[in-house]
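Some structures to go through are shown next.
The following pair of complexes shares a single chain, chain A, combined with chain B in the former and chain C in the latter.
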Partner chain A sequence: MLRLPRFDMVSPTTVDGVVAALQTPGARLVAGGTDILPNLKHRLDRPPVLVDLGRVAELRTIDVDGDVLRIGAGMTLTEVSEHPRVREHFPSLSQAAGLVASPLIRNMGTIGGNVNLDTRCRYVNQTDFWRSAIGGCLKSEGDVCHVVPGGKLCVAAMSSDCVPVLISLGATIVQVGPNGRRELALETFYTADGTQHTAREDGEVSTELRVPLPKGPRRATYSKWSVRGSIDFPLVSVALRIDLAQDAVSSVVQDVVAVVGVLGSRPRVVTRLDDAVGLKLSDPAFATAVATRVHAQCKPLENVPYEAPYRRQMLRVHTRRAIEALVDAG
Partner chain B sequence: MVNGEVVQLAVQPHRTLLEMLRYQLDLIGSKQGCDKGDCGACTVQIDGVPRLSCITLALHAEGREITTVEGLGAAHGGCHPLQDAFDRWDAAQCGFCTPGILMSAEALLRKVGGEVTRTQVREALAGNLCRCTGYTKIIDAVVDASRPQAAETDDTSATEEAAQ
Partner chain C sequence: MSDEKREAWQIGKSHRKVDAMERMRGVTRYTDDIKLPGMLHGKIKRSPHPHARIVSIDVSKAMAMDGVFAVVTGADMPTPYGIIPWTPDETALCVEKALYVGDGVAAVAAIDEDTAIDALGAIEIEYEVLQPLFDPEESLAQSRDNPINPYARTGNLSKKVLLEFGDVEAALAKADLVVEGEYFFEGTTHAAIEPHCAVAHVEPNGLLTVWSATQVSHYLHRELAKVLEMPANRIRVIQPPLGGAFGGKSEPFDLEFCVAKLAQITGRPVKILYTREEVFYSHRGRHPMKMKYRTGFTADGKITGVDANTVLDGGAYSSFGLVTTYYSGQLLCAPYEFGAYRFLSRRAYTNKPACGPKRGHGSVQPRFSLEVQLDKAAVQLGLDPIELRRRNDMGAGAKTVNEFQIGSNGFLECLAKVEAASDWKTRRGSLPYGRGLGVAGSTYISGTNYPIYPNDMPQAAVQVCLDRSGRARVFSGANDIGQGSNTMLAVIVSEELGIPLDDIRVLSADTDLCPVDLGAYSSRITLMVGNACLQAAGKLRKKVCEAVAKRWEVSPKRVVLAQGMAIDGDDPERNVPSAQAFVWAEEDHGLLGEVGSYNTPKDRHGDYRGGTIGASPAYSFTAHVAEVDVDEETGVVDVKTIWVAHDCGRALSRRIVEGQMEGSAYMGFAEAIMEQHIVDPGHNGVHPGPSLLDYRIPTFVDTPELHSLIVEAHEAQGPYGAKEAGEGPLHPSIPAIANAIYDAVGVRMDTLPFSPPKVLAALEARRAAEAAGELAPHKGAARRTA
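Right after this comes the complex of A and B.
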């Protein structure tokens, strides 16, 4: 039995009400609760009050707004994954949302919670009793890091399935707080510090994700590997977006974006993919070129289960297989 | 609303729905397994959608309709066709996972509205762990319960009415 610490709860019905409620020092947001409640049961925080997003109707829409698809932060992962507009324009997002945890958690967990998901580490996502045996770490009660001994920065893993995909699709995130509304590229929302891994400012709530509609033919996919086919967080996580000259896999690639998760606290946007641009998507040299860059630039750490060298090798393998699957699908 | 009855209750904000059901309402059908979202033993339905009650705050359920395994058979003379099929197929061994599995499976049958495939059952039950059965008989039972004849043989009054 894992008990929650005591806290108060408020359930505003508007975003303004949420922002007002967040004025209480130490207040935390709860949406689906599938991340924060296990973390509170593990005593990773002791907020005086939880601000519940479950009754804010404004956050529960998906619609096309000009040339972007707006996804309300309160939409569940099941709803995002099954939504006709998401399926039509962003199959890789539908795929990633549909691969999070289990159907039960997808019925509860929201996309807003998924992009604000706390970073994860084998030394921190444990009971306080377990952690007391090692004296905690930078992200809990201690002052050392067990993953990078001597390290001054926590490198707990950004483990969201949707984040690499949303970044690959060029999404922006809308933050509303006491100083009004701001919109920032999701790519710039994450920082390298696992104890404070987003650019969220005090008192802010994420209200929506805005994903630009595709302007031309493209293929996009998400590759996740975990030990079990369900329930588990990703251990290898690669999002790919490939823009094509024509709508065929024999077409020339005009642009390619690869974003990798579950490394440190920030997803990595793989660079120098220009040697893959100009090749045909169906040319095996294209898959090799992308997989080689992903492997060269992404170095998993011992922050989650499974050996880092193995996961690094698998990044290459899963990237190549994901591209081959796109080619096979036509 | 819990299993069709209006319930008024004072609940502390830090109580989970599972704690409220088990320790305040004595509805101990929903099980406390991992208590952190991994196993599915605590699955209940909120407004018809299966969710994990161990990581749902009790206050979240306010004004919403909760169905637990105790309420599953209400519209079927006390025993839902799924429960009958689990009995006939020996789909429960220790039975700890069964209440949660039944709540996930019932939502699937309602969503599909006809005979389900084994793949659909596997996907729908992917958040419910069973440490005993190896799942085969659970899948057999759910597929069987989704067949029209299973419902008819179970509900004799409906068969009689259909015969008249």
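Right after this comes the complex of A and C.
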């Protein structure tokens, strides 16, 4: 069994306590531990102290606050997936949270951890011994990229199932740090540098996700493909949100948002979907138009298993099928 | 071999495994659960280079660290060993060269694991990096002067076998149809959930005890004696309960020698537990094989001859490779009759983790090729593939073209069962495009006719003792690796002595306490150890029956031992508890103990060189039908159902046999669809994913419906007629799925695994050929493309 490195552990009970504990240079947060602990076993980091979020009660709520649903960062993925308000307003989020890894991991892992999931790469998420055989890389001990030869920017993949969905729903994230509280659109939270792929500032903790309640009829879904039916990170990951004029699949589409994960370190918000707007959701031309744009704009890399050209082709298929499934569901 | 016509009271029933409740309750103590006072933890330093000469090793800094007790290197145990005595080509730790990424170079013993890990970092090794070879054919093409493996005798050629039976060229020339195919089986590993683990302890008088998660405690015992240069009688090997093996623990590994040596040096117990990554490096899994086949058929589907040419990618060491190379050809000659057969198999050394035996050793890969060849012939000849197989069935009592004597043979019944259960006749022709059914058959050995090291002693032996409380103790050297062999022994003793399973204690795989057994490999235990046990238990039964008959003043033939009693068969009202019967027998005979042993018949194979390798006392037979759903847009193959019919001679314990059949079908399915044990030549020969996250084995939700259909063709060589059930049922999995894919969508998958990108590429090639008018649409389907 791989061993964890040695570290101290503190368990504050308030967000302020967490922020204070994060003043220790190199301190890292741990909630469910399903991402950071394997990474520590792989010696991808050696924090002097882990700040445990398990006792911070204020992170453990889901409630409607005016026209947004507040989801506390400490809610487990199982809790998010099964929560009545989430199911009622955001079925695609319920779906995505329920597709992360396996039931045991969803019982441990939190939504805050999932949106802060470190980027992943076949050349990074290995033991330190393994990485020593290839001399490391930009994200570990080396200075080369094995995915993009000659590349100077790490392209490790944003592999969260929930992030594309939350972006598609227009979610914001609340960060609390030594300089107080700030709220930013989740879409702007991610950067193109896989070694530091979020806008998190030193000493900050994500406290909640705020998802605006739908203002009109809508269909939303999440499409995930992985080799196995459980455990695996996504290899194809597409979130769709379709706002409708009336609450029927025969209705005209007023707006459509497609967000794709597992490309580089930042999810891709697909643009120029205007030609799909105005079509009926049930019109096959709508599905084709969206799938074509997704395919054209998203270029998977060899940073996760399975050939990138294959995964690119699958983006088109799975996007179209996800829309067809929405139509079939009525 | 039961001499009387008694009604079985245990044989053929379903039993709970004797160790099931302990395992379910979590109280089973596996090797890693062993904790001894003062125990140290060991770690092995491994080479980050796929091929490198070791220039120097400096352990002084590691030795100087607090908490470090000892460091050993290859120089401390330089004697080469090998599970096959003719190919000793590995050392406990690398002496001269490291041969793959992960090869063990040094080992430390420290106060705890963390200190041991830190100490590994302090060992300084200077390497001279050498050019690695990852492709077996490229490796074979090199000059013999600088072989990868320093102990190799013929360059990078690890083993070559060429055998020819009959005139193959003439047989192919006269055939109405010759199917030619090239196949590639990518390597797979065992992925047992329990990682390898070993603990060593040295008594003050020098006696060495090694607990190890091994499936061959006797061979480990021998190799420890050789490498540690100490007599075998000063060594005790114990195999604690195992968490799976599948062939991955069937030879000694570096950790067993290292714990022993480190315990000897430090005088303290030492444990080493592999990480999952190290399990992948220790490997010994299924060989990648490149196979070229030519098969001749008459117009009515009879096989005229088979010509096979195979290159095996052996990795860095021989392991069982000599046998694997033979098995890649020798085990193919049933259940179908061939007029003529030739195979050339060459095994190459490469700079990869060594390959060895995995469930269905050496014959799963060629079986894939042959069964797909048969399917191609059936299509070309316009025959039903089940009917084609029927027409080639060799029947019971046949002799194969390579002169193996086949005993009982339930292959036709296997075919009939899967045909009926899958509703083959009705459904195969009517399934829509995308859905398909495929069939495949196979045979496998029930043990090898000869032990790994030549000797005339029994291949299996069992000692059974009874005590006056009505209990039995069974001592057996056989390794229960989860396949249920301890339960099998208890069932036989229960059947013979009439006492319930709960009153039988099986003590196994302890070289101090148990008679020698060769281990859990080649599906040998039920037939060989079962026969030995039956012999011992039968002798005791006779004593007990005589003692009871004497008291009752009846013929011993009237005494029946069953249901925890001795019963008068003619007057069942007259009975006594088993304990009373055993007391009477002990009064008459003294302490009740008997031994039984088994050796194989030597008249069941050819006299040619190699004719003994692959020969078995008995052969099992299997047929599968697989049903698949192929997604034409994604290339994803969803295996819906596998029907497995297996002729095990006699199911001694039905639930265990069914479990073995399901587990085998699952394992083959996994290899067909997902598994890839490879190295990345573009990245210094690293294994791309040495973890259970990246080396994908199917989860419960991915697993098809599995239907086990037991066939029982009574085998005269087996205990109660039994043959093996642990490995044979795997073989048809892969070709049945390949053939079902063809039936579904009209593409041939001749390269494993049938991963979505590969299947999609084949579908696109077929669509292009259809568009060009070169092929008719499969099943006449009009289809949408992505």
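Quick note on the criterion: the second predicted complex is superposed on the first by the 330 of 330 C-alpha atoms of A that agree within 3 Å, B and C clash if a C-alpha of one lies under 4 Å from a C-alpha of the other, contacts with A are read in each partner's own complex, and residues count from 1 in each chain.
Assume a residue touches a chain if its C-beta (ideal position, glycine included) is under 8 Å from a C-beta of that chain, and two chains touch if they have at least 3 such contacts.
Predicted, not measured: the structure shown is a model, and the values here were computed from it.
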Which superposed partner A:105 touches (first chain B, second chain C, both, neither): first
Which superposed partner A:146 touches (first chain B, second chain C, both, neither): second
Contacts of A:1 with chain B and chain C, given as first, second, both or neither: both
Partner chain in contact with A:230 - chain B first, chain C second, else both or neither: both
Touching partner for A:306 - first (chain B), second (chain C), both, neither: second
Partner chain(s) touched by A:254 [first = chain B, second = chain C, both, neither]: neither
Partner chain in contact with A:130 - chain B first, chain C second, else both or neither: second
Which superposed partner A:314 touches (first chain B, second chain C, both, neither): second
Touched partner set for A:54, first chain B, second chain C, both or neither: first
Common interface residues of chain A - those touching chain B in one complex and chain C in the other: 1-3, 6, 102, 229-231
Of chain C, residues touching chain A in the complex: 46, 48-49, 101, 113-114, 117, 195, 273, 275-277, 633-634, 674, 683-691, 693-694, 696, 698-702, 755-757, 760, 786
Residue ranges of chain A in contact with chain C within the complex: 1-3, 6, 102, 122-123, 126-127, 129-130, 132-134, 146, 225, 227-232, 305-307, 310, 313-314, 316-317
Chain A residues within the chain B interface of the complex: 1-9, 11, 30, 33-34, 37-38, 41-42, 50, 52, 54, 101-105, 107-108, 229-231
Touching residues on chain B, where the partner in the complex is chain A: 12-16, 32, 35-38, 40, 43, 49-52, 55-57, 59-60, 104, 123-124, 126-129
